[in-house]
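First, the structure itself, so that you have it in front of you.
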Amino acid sequence: MENNAFYVALTLLLNLDASLFQIVALSLQVSLLAVLIAALLGFPLGAAVAIWRFPGRGGMTVVLNALMGLPPVVAGLVVYLLLSRAGPLGEWGLLFTPGAMILAQVVLVLPILAALSRQKVEELLGEYREQFVSLGMSSSRMMPTLLWDARFALLTVLLAGFGRASAEVGAVMMVGGNIDGVTRVMTTSIVLETGKGNLPLALGLGIVLLTLVMLINAGAYLVGELTRRRVG
Amino acid sequence: MKKALNLLLAGVVSMGMAFAACAEDYITLASTTSTENSGLFASILPKFKDTTGIQVRVVAVGTGQAFEIARRGDADSLLVHDTAGEKRFVENGFATERADVMYNDFVLIGPADDPANIREAQSAAEAFAAIADAEAPFASRGDDSGTNRAELRLWKNAGVDDPDGDWYRELGSGMGPTLNTAAAMDAYVMSDRATWVAFGNRQNLTLLFEGDEVLFNQYGSLLMSEEKHPHLKHDLARKWHNWLLSEDGQQAIADFKVNGQQLFFPNAK
Amino acid sequence: MTSFHVPQLASFILSPPPELCFADVTFSHEDKVLLGPCSFTLQGPGPTLVMGPNGAGKSLLLRLSHGLLFPTQGRITWSGEVCPRQAMVFQHPVLLRRSAVANLIHALAVNNVPRRARVKLAHDALERFGLTACCNTPARVLSGGEQQRLALARAWVLSPQVLFLDEPTSALDPAAIKAVEAAVQEFHQRGTRIVMTTHDLHQAKRLAGDILFLSGGKVREHTPAEIFFDRPVSREAQAYIAGELVE
């Protein structure tokens, strides 16, 4: 019975183990903050690419789409080299801290949010463009209106970004160092326990992670769906 | 919506404060997976913290990567097990001091039916030669870790200059994942004893050969160069280094047991 | 389309609606001439109803006039120094995904109406078009008629000197059509130049001051409404009124 992953997951949850709680809390903090920062940068970026015609716009779209597939460990390596004492941002002293993990996840999530929001905003702009021109709106004035009116689509985009952030392990492992009590998150714990051969515990942690991500998705879906139905 | 935004903002601010609260006295220690995975650090670090108030943050990676982290100035202290590499590190000026701390030993693990019959071997060299002769599957770390470097030296000792062929599988992963893989393909594998004893997914694997002195695995603690990396916490790192070599530290290492078995043997001079 | 001032009704009543002049205007797409060349001037009080069979170029003419499209050749000019304030109501109203009142406030905001004035102007317009009850209803869940009235209210708050309407009633039921026509009359009385396309002869009879008749991308006739319906000049218009199929 103790070797059953579901049993382990259940015990972990029921005991509300303090160290597990800390790991879960850190995972959520890092991923949510990373997604928030990435959204503040990525949504306007995506909308800008959708709205303005500028040379290299096609190339930019391709690059953003391609970066959606950036391997986490590459993002981790880049951020590691940036933040390392020998690197350009070494002065910040961020390596092996949650801040470094957030930065790495921002690098991972930003292209997803920018590329997908570009697509959503472009669709909406197709519908709105004549009305906008009729109202005499400048391109820069269109951006906030489009972002707000695309909010339900963007919520889904946000969830895609959060999914990527909370699921990846390569980047946070490399720049966080999986330090017990400091930078250990769900995914790095799973890698660690797998390494120790504690497969049921590793899988149990996986189930806990999945449950959490599912709860967040379900919550966002419900909120989105309810308001969408109201707003039409 | 405004309300939601305010809530979000409050959340961000409180998170930032939570991170800031972590800023107590600490050093970053680059070390190996074997020490972390076995639970040694979980056992001795609280004792060190009680004495000095200093938190040790362990980044557990392969020895090769640990050297690289230290070389770039990203760790305050280094505890690894590759004596030759450590001495080179000092010679190259990255570290100023190296001291023996403890040793554990490597053991040879393999499928219980032991197709290469290494149970009967009189020495490690004989055991390694038997595996090569039988071309029995062997899982190698292949990650330039201390264990990997030791394994390659042992092949050379056994007269197998360059292990190669279908039977020799370089995995490029840590000790734990390598044991997982070996268990899945019934391969021989060399592991440090600590990881093996604490390992939970043995399946058909069992300990087949141990005890030869060449299998001893010496751990060393290194102090970083103040000249190369003036920003590091050299004072705190020295406290840690000295504590490891002190009677208290050595005793703490000896006291760490898994399933009643001592895994690391202090041998500071 | 230019800078906005809080409306002063008196100025509309005193100044005549701006005149629109097409001079040899052609619009082509991929070497195919879709409209023109056509020349005409809209002066008179209006409202001007643009009529003609499908594909005659009615919507194109409206979009060119409003500045959503630009002519391939020729010039479109307005009387007066500056381009007049104008608005357009589309066949399918494009409403933002927010409440009815928020749609109006947004239109005011993008036209730089001071924040304090927006809410009052928006509510006044909602009341004028009988939408007070749906003030906080999301615009997208309003009925077709209500949506079109909201689009008219949005145009109203901008106090345009010219209002273009592109078949605003073609998707509506009779009661809603009546409400839209009443609204158009209200704009007209305020001194707004109305340029509207329609398929509906009866609607044209009810609303039109003058008729601009198009077929095959050309202006066939521009006459006062009573003349157009009584004894149209062009052969195409005669056929159209007689209910024949016109190319």
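By letter and in written order, the chains are A, B and C; residue numbering begins at 1 in each of them.
Throughout what follows, a residue touches a chain if its C-beta (ideal position, glycine included) is under 8 Å from a C-beta of that chain, and two chains touch if they have at least 3 such contacts.
A quick map from chain label to UniProt name: A = ABC transporter permease; B = Substrate-binding domain-containing protein; C = ATP-binding cassette domain-containing protein.
The structure presented is a predicted model; accordingly, all values stated were derived computationally and were not measured.
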#### Entry: Leading chain pair when contacts are tallied as C-beta pairs
A-B
### Task
Just grab the chain with the largest centre-to-centre distance to subunit C, centres being mean Cα coordinates.
B
### By mean Cα position, the chain sitting nearest the middle
A
### Message
Need the CA-centroid distance for the pair subunit B / subunit C, whole Å please.
### Response
78
### Query
When the C-alpha atoms of subunit A (ABC transporter permease) and subunit B are each averaged to a single point, how far apart are the two points in Å?
32
### Message
Could you work out how far the Cα centre of subunit A (ABC transporter permease) sits from that of subunit C, in whole Å?
### Response
47
### Query
Which of the residues in subunit A (ABC transporter permease) come into contact with subunit B in the complex?
29, 32-33, 36, 84-87, 90, 93, 95-99, 177-180, 182, 192, 194-199
### Message
Which stretch or stretches of subunit C touch subunit A (ABC transporter permease) in the complex?
### Response
1-2, 63, 66-68, 87-88, 90, 94, 96-98, 106-107, 110-111, 138-141, 158
### Message
So in the complex, the part of subunit B that touches subunit A (ABC transporter permease) is made up of which residues?
### Response
8, 11-12, 15, 18-19, 22, 28, 33, 36-37, 41-42, 57-61, 72-74, 174-177, 179-180, 183, 195, 198-202, 229, 231
### Summary
Interface with subunit C, subunit A (ABC transporter permease) side, in the complex: residues 127-128, 130-131, 133-137, 141, 145, 148-149, 151-152, 230-232
